[in-house]
Each structure stands twice: as C-alpha cells, then as structure tokens.
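This report concerns only the one structure given below.
Each chain gets a letter, A, B, C, D and E, in the order it is written, and its residues are counted from 1.
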C-alpha cells in the first residue's frame, strides 16, 4: 500500500473536530426534542380521528417515512429557498431531522399507546380513578417504558443522519471533516477519525440510555 | 460560448431515467445481497455460542454505528489507496449490501428465534432431523414472521441508496442535483424526485403494515 | 508506473469539477464541457487513449486520486505546500483571481464591505479558506458565513437569496454574469493580495507521470491549444499576463 | 343491595343482554355460570358502569348507575372488581399497586394508604411480597393482589369475572380460598365462574346465563346438582 | 415395552429427576400426575431423547435410547409425542401438517403420505378440515391435529404432555375423548395430565411425581381415590 498515514495533521485540528462533534450532538438533541413534541401532537391528532388534523398528521407521517432523509434536507434547503424561505444549513438539517423524527415517533407513540391492554384502563376505572388519573398513573408510565427503546434508536438514527449536513455545507462533524481534509488532502485519516468519533458518540448515547432506563424503570414490563 | 442555464426539457427524460434505473439497480443489488448475507449471519448468530455472537456483534455494530455516508467515503478511498480502485457502483453496492446485511441479520435472527422451542421440539419428536426442522419448520415460519421487518429494512435501503451519490454514482438524487445546477429550478425537480421515492415506498410500507396488523391478530 | 498503466489500459480517467463554469460544467445535453474538459481531451489525444471524464466535487478531488478512480485531476487545484505533502502537483496551468459576486443593490466597493453581509463559498475551496482567514483577522466571526457543498450550490444559494454575496473566481463570475439569471448581480472586489495559481494533480509518487504532465502543459501553450481553449470558453484570446505568469512560474 | 332490572345491552347489532333481572342482597354471594359469549362479563361491566346499557336499570344502594347525574368514579369506589386476566400494574411494586387507588382516589395520606394496602395484602396472603414487582409473581398471586387492591378501597360489593380461568390448575385453589374467606366474612359478591364446585359450595344462589338471559336461577346446590332447565343440564354435563 | 431404569437428570445444578424407574408394557396406559416443576415433562423428553440423561437407562423395545450408537431420529419415529402447546405448524394446512413427517422422514410418496394423513385426521374427527390452516381452528382441534400428526408416523408408543391444560374448559372434552379412543384401540400411552377423572377412568396405572421421584404408583382408581402417600393425598386435595 502506497498510502502513508499522516496522523499529526488530524491531531492538530482535534479542537475543530470536537467542535464539529458538539454541533452534531447539539443538532440531534434538538431534533429529538422538537420531534417528540410534534409527534405527541400528531399522534393525538391521528388517534382522535378528527378529520382535518388526522389528515394532516397522516400526510406528514407518510411523507416522512417514505422519502429519503437526503431528499428532506435538500427540500428544506433549496426547495424552500425557491419560496424565498432561507434556512441556514444548520436550520435546514435540523428541520429535516425534526420532520422525519416527528413522522417516525408518531407511529412509535401510537403503537406504544395501543400496546397497553385496554384491561388496564378498565381495571383502573373499576378502582374509581378518573380518566386523568388513569393516564397519569397507569397508562403513560407504562407507555414510556415501551417507547423508550424505539426512542433511543431514533435518537441514534438522528445522530447518524445529521452527517448528511456534509451535503449542505453544515459544520457538524462530517462537514468539518470534509473541510479540514480539503486543506491538507489527508482524506483517509480524517474520515477514519470521524468514523471513530461517531462510533464513540453512538455507543455513549446507548450506554447512558440503558443506565438511565435502569434507574427509571425498576419493574419489568 | 455555450449557455450555462437551460430549462428542463424533454431531452432530459433519458438522463432522469438513467438516474431512476441506477437507483433501482443498486437498491435491488443491496437488498438481494444484504438479504442473503443477513440470512446466513442471522442464522449463525441464532445458533451459535455467546463468544461467536459477540465477535459477529462487534463487526455488525460498527456497520450500524458509523454513518453510511462516512462508510462510503472511507471504503471507496481505502480500496483505492491500497491499489484496487473500484467503480462507484461496485464500491457503493458492497458498502450498501454490508450495511443492509447488518440490519437484515438482526431481523432474521429474531425470526429464527421467534419459532418457539416447543415447536422445534415437536418437529424433532416426529423424527425430523435438525436440518429438516430448519428447512421445513423454522425457515418458513421465521421468514413469515419477519416479513414486515424485512420489508421495512428494504425500504430504508432504497431510501439510503441516495447516499451512494457521494462517491459519484449517478443515482436519482445526484442526477437531479446536476439538473438543478443547470436549470436553477430546484423545486420542480425535487418534488419530482420526492414523488418517485414516495410511489415506490408508500404502497410497500402500507402493505407491510397491513401484513403486520394481520399477523398480530 | 501510472503512465504505462494509462497507455496499456487505453483509457484516461480524468477528473474534472463539473460545476465550475467555464472550466467545467454540463451542457444542455447533460454532457461534460469546459476548459478543463478540453484539456482532458487534449491529454488523451497525445497519449493516444480514450478519455473518461469523471465528475468531481471540490472535496472529491483528492479522494478520487487516492482511490485510484482518476489518473489525473484537472480541477483548478490550488497548489498549497500543505496539500503538496499529500499529492503531486504539476506546473501551474491557470491563474485565478478570487472575487466577490453580489447583488447590485448591495453596492460592494471594497472587501471590507462584506463585514455585515451574509457571505458564502463552496466547501473545501481555497477561496473559502482565504475568506475565513480574512474574516478571522478582522474579527468578523463565522456567523454570517455559509458553506456550500459545491460551486453550483453556492450560486444557487446566491440566486435564491440565501446569501448576499459569494466568493468565487473571476472566470466563473464573468461567465455567470453573461446569463440572464444573474442580470441583477455584479462582480465585486478581488480578495486582497491573492492570486490563485492552480495545477493538475496526480499521485505524489508518480514522478514520471507528473513529468509527462508538465511537458504536456508546456506544449499546450507552445502549440496554441491553450489559447484555443481559452478562446472557446472565454470569448477572447488568453491575456498576455496570464501566459506570462504561467511561463514564469515554471 | 344491587338491583338489576330488565337490562338490555347491545354492541352495535349484537344484542348481548336481552333483559336480565337479578337482585343481590347485602351479604349474599351469587355465582353466574354459562357458556362463552353468553354475556356474563358484559353484565359485570354494566354494573360497574364501564359499559352503558340501552334499556332497563341498575340500582346500587339507591344510586341509578347509568343516570347522567351519577358520579361514576365515585360509584365505582363502592364496587370492587377483579378480572379474568391479571391486570396488576406492571410498573409498580405489589405494595404500590394496592396503595395507589386509596391515595389518589380517596386522597388518603401516603402513610394511611400504605397501611391499608399492607393490611389487605396480608389479608389475601401476600404479606411477604410488598416490594416484589407483580410480573415476578405467579398468576395466582397476581389475582390475589388484584383482590387486595380492590379491597383496599373498602368496597361494599365485589364483582369477580372468572378470576381463576387464566390460572394453572394448582394456583386455582389459593385464589378460591381467598374468595371463600371473603364470603365467610360477609362480603356481598357476584362471581362469574367456571368452577362448579366453588359455585356450589360457596355461593348462596347460582344463575345460569344462556345467550343473554338468565335461563335458570336458584339455590346454589340445587342448580348445580339438580338443574331444572334442559339447557343448564346440557351445559353442566359438558363442563362436568 | 418402555423401561425406565433409575434415571437421573440435571439441568446445571438443578437435579430434576432423582432416580426414576418405571416399566410400561405394550398396550398399557400410564398417567403421570404431580405438581408443577416435579419433572414430569422432563421425563417424557428423556424418553424421546430430546433431553439426555446423566445416570440410569431408558430402553424402548430393546433400544437403549441414550446410547451413542442409537439413531435418535429413527427412534423418535417409534414414539409419537404431543405437547401442551405450540404444536401445529402454522404455515401449512391441516393436511400438510399431518402429511409432512411421513413424506420427509419416512420418505413416502406424496400420495401415500396424504392418504395416511387423511386417515388419521378422520380418526381424530378432523375429516372436514383438510384445507384449513391450524391458526383458524380452536385449541381443541389443534390438539387433535397434533395427535393425528403423531399417529400418521405409525408410532408404537404415544407420549402426551398435558395436552389439555392450555385449552378452554369446554374444549377439554373433545381432546380427552380422542385419547380415550386411542386407549381403547390398545395404543401404549404415557399421559402427563392434570385431569384426575381422566387419569382414573382411562389409565391402567397412575404415577404421582414429587420433586423428581415417583412418590406413589399403582392401579389408577386406587391412587386417585385412595392414595396411600400423604404427599399424594395433599396434592389430590389441592387439585380436587
């Protein structure tokens, strides 16, 4: 193999790479939080069968699930640009991720809700609980356990997909890597380091998520 | 001097169709190879010891925890650097297939494991051999059980195939990117692309959910 | 070595950045065209082989060489000493000036007028680096800066109004300004104190191949091919100072 | 006293209860037997106002269950109910399961609620399981938990819907023993059951349900050992 | 003849069978009763060579079941077995379920296999269900299918492991009737069961299992109605 590795170039730029990794984390966390809020609304809209809302929710979910993430990002960036709506690369990637997260999480939430046997509801009711109490103490806590893992996976997915920021010039981890490697042309070194960083980030997320779940959910479901 | 910007015209149909065909081709290749490899790996994992599983698991984990786009760039650069440059289609197919395999193997593994131990035992009690149990009982039942998940992974592969554009494969999204540069009409072109993915993906994903619902009953 | 490989293979894999008119672009038949593409053709011809033009983004150029997808990249690659540690440069084959293009209403007189404007450039280009260095020196920060994945995306962004101004090369700007779409824009100041001298790039280890390419460049000027290509894509003879500086830099 | 008066109930086109009348006095234990789909569970749900009715009336201690004015959540505190599937709350310990409703529905202090919960759990023989999660327990234990949970609300009536039919045969005994204990303590109970010997030995009266009506009702021993209605005879011969 | 001689079997540290001996003659019907976890299923699995044993011997028609030389797949053809649940293959019709093993294990022609399968399905009363998928049938029908499927292999012995305990009470009868029919036809059978009346009426002998040993064995009526061992007495009083 003729290729000689020059690692020192990469290490010199470590602060910038770490900064990129921070942006990656940042955009994924935000995309997740906003996605959750919207997904809750969409899931409620879908389950209530109130026509116009249900329709909007369905269209949202189906488009999000059935088109590539890359397409969403282009659409947010240049597609909206054609209407004079100018999103910065950060906001474009963020809104595409929020859009998709919301779409997938809607179904997760709905599934989680429906997976709670209706007998839990009647049993709680038979104890004299009001509907709000049933949700507060019985349905939602159980639902949270069931959607916790899918949500973690969605979060990891967001982290990985934010790497598409490279294609709209966003300075997250991949974009930063691309920029830095073009200065010195040390492609392999930079992308290897980026790959390792992604791996570490996702593993850290998964580990902390399972630690958290052990604290949150003591009984099994 | 040539004009730089020319609007979309019927001339471009062939060009777009090539992009469409390329997207379809690489998706099909990745799904087929990913499924076959995934079957083998999934079966091996379902049947083998913890140690083998951990080893396999580690490799699969890497494929699942590094963004596809980085894998594509790294792989295609790396094979070139060691002196075996690959055509974007070949390099893209390899990585996309491996990536697919990583997800498919989990799907099939759970499929194999979903066939209850008692059902395997009752097949054995009829005098069937180990392999007969696999081919007549576990494979058909397991595959049926995971069909919706298989379809789900396949659809995400079709969507993820858009990323192969980064190593220069002229699939649909890269084709349209080029047209956008020339025509400066991003909206029309992007909407067209979106519709294309949607009409492939939507009916299949609806069907998958339908099957899933039917199986749940 | 590479030279033999190309001749034996019978095809030259020539990388060009095809979103950088008039150096490289797609014509209305979606075929590659431009100054760099003509150079590829000329090179293939003297080698006596077929040509295969590969479309690259700025960021793809080096990976494609290392990956062996291209034998040579004729892609306006600025010859920095940092990069020369990774890749082999030929003699310069063109000199650009970096320039600002912005809406006429922005009325940009000097480079410092960019201070409070939204500025963009293509990711991984030398002018991006130059702009960022300048901005840092002046303490402008990077909040107003937008990177685009390609030159075309940068122009599209400018056209759509995502950014107020972009940094590009004088050649590309001149070409763009000839089209109706960019009637409302004008060329602004040059990036201070910077001539972008560009060369062909090949694998660093392939000295014989780079030798050959150097001779090819010399012959392009001597035989008039350079002037011809310039004429075809810029609509005038190559300026004497450009020819002179190319000769000087040898 | 629970008084069921000519109750009709349909799900869409399907008429499940076709005029059921039954009075259950304070302290009485009534068992309901009958084939699958005959409407036994539905009747219990109607008594508890979980399902509404189309015709007739159900009166519990002078309260018209299905009247608009009735506060149903309040009413249900009078009526403890235990279902066929174990519906313990899987995300809470046994003690939390039993203490939840007293605390949030009856607004007891935490200490009070826990005290009552502990008492009732001991009552059903789960005194050693306070901090266990229900999913770790056998079906029989989960059913006893469900009974304790209902009892902790100090209900005046208990409704049991086939509480043993999802259990392994060996676990049936422990749950039936708990019911027997309650009956001896004078609790008013309506039990839907498949356990004929339980119905015979523990209840005062047995009602046989057939396709939405009470086909036969009478003194427990008589209905089980010497049924008058040919339908009852056929049903009993099938379940032995 | 099945001869079980001082069989010991452990899962890891857990000794499940602690020296079990039992001879079952041709034509005999032996029922095994006992508490959960006492090792009843494990014994059947050992007879069928699905589990190996640590000590002792099991001989089926002069074949040492656990010897290295024994072709276990071949041996299992002699021994039909039906389990508590998960018996039918959901991806095949009833007829295909029953015809599969004769065809692929006994290498019969398709026609032969189907003929035998049809005969045995009619035998258990499923003559009208050939093309139905098992998931569309009741639990009782699925269990009868499992019996027919085992019979289609023309086994010399049948092992039944609580074949009715996952069934709704109303469906138990039809399956027990099928077992009764087989017993009358002279099939040699070992039945693990919770149905005491079945054990009493149909079997020749009953063995009571307690924690991995046979605590009591004897003539069926005697063991069920007049058990000698206090453990048996206690167990029987619990399950009634």
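Note that a contact is a pair of C-beta atoms (placed from the backbone, for glycine too) under 8 Å apart; a residue touches a chain by one contact, two chains touch by 3 or more.
The chain lineup, named per UniProt: A = ABC transporter permease; B = Amino acid ABC transporter; D, E = Glutamine ABC transporter ATP-binding protein.
The model shown is predicted, which means the values in this text are computed figures rather than measured ones.
Undergrad: Touching both subunit B (Amino acid ABC transporter) and subunit D: give me those chains, sorted by label.
TA: A, E
Undergrad: Could you tell me which chains are in contact with subunit C and with subunit D alike?
TA: Of all the chains present, those in contact with both subunit C and subunit D are A.
Undergrad: Superimpose the Cα atoms of subunit D on the matching ones in subunit E and note the rotation angle, 0 to 180, in steps of 5 degrees.
TA: Angle of rotation between the two copies: 175 degrees.
Undergrad: Find the chain most remote from subunit A (ABC transporter permease), comparing centres computed as mean CA coordinates.
TA: Centre of mass proxy via C-alpha means gives E as farthest from subunit A (ABC transporter permease).
Undergrad: Averaging only over C-alpha atoms, locate the centres of subunit B (Amino acid ABC transporter) and subunit C and give their separation in whole Å.
TA: Whole-Å distance between the two chain centres: 37.
Undergrad: What's the distance between the Cα centroids of subunit B (Amino acid ABC transporter) and subunit E, rounded to whole Å?
TA: 46
Undergrad: At least two other chains touched by the same residue of subunit B (Amino acid ABC transporter): list those residues.
TA: 73, 77-78, 81, 83, 180, 186
Undergrad: Which subunit C residues reach two or more other chains?
TA: Touching at least two other chains: 63, 66, 153, 156, 160.
Undergrad: Which pairs of chains touch each other in this structure?
TA: The complete list of chain pairs in contact reads A-B, A-C, A-D, B-C, B-E, D-E.
Undergrad: Quick check on the complex: what are the subunit D residues that touch subunit A (ABC transporter permease)?
TA: On the subunit D side, the touching residues are 45, 48, 50, 73-77, 79-81, 83, 85, 87, 89-93, 100-101, 104-106, 133-136, 146, 149-150, 153.
Undergrad: Which residues of subunit D touch subunit E once you look at their complex with the stated criterion?
TA: Against subunit E, the touching part of subunit D is residues 35-36, 165, 168-170, 173, 194, 197, 238-240.
Undergrad: Help me check something: in the complex, which residues belonging to subunit C touch subunit B (Amino acid ABC transporter)?
TA: It comes out as residues 18-19, 21-22, 25-30, 33, 54-56, 60, 63-64, 66-69, 150, 152-153, 156, 159-160, 175-176, 178-181, 233, 235.
Undergrad: Can you check the complex and tell me which residues of subunit A (ABC transporter permease) touch subunit C?
TA: 2-3, 6, 78, 81-82, 84, 86, 88-89, 166-171, 175, 178-179, 181-188
Undergrad: For the complex, give me every residue of subunit A (ABC transporter permease) touching subunit B (Amino acid ABC transporter).
TA: 1-3, 62-63, 65-71, 74-75, 78-79, 81-83, 156, 160-161, 163-164, 166-167, 174, 187-188, 191-192, 194-195, 198-199, 202-203
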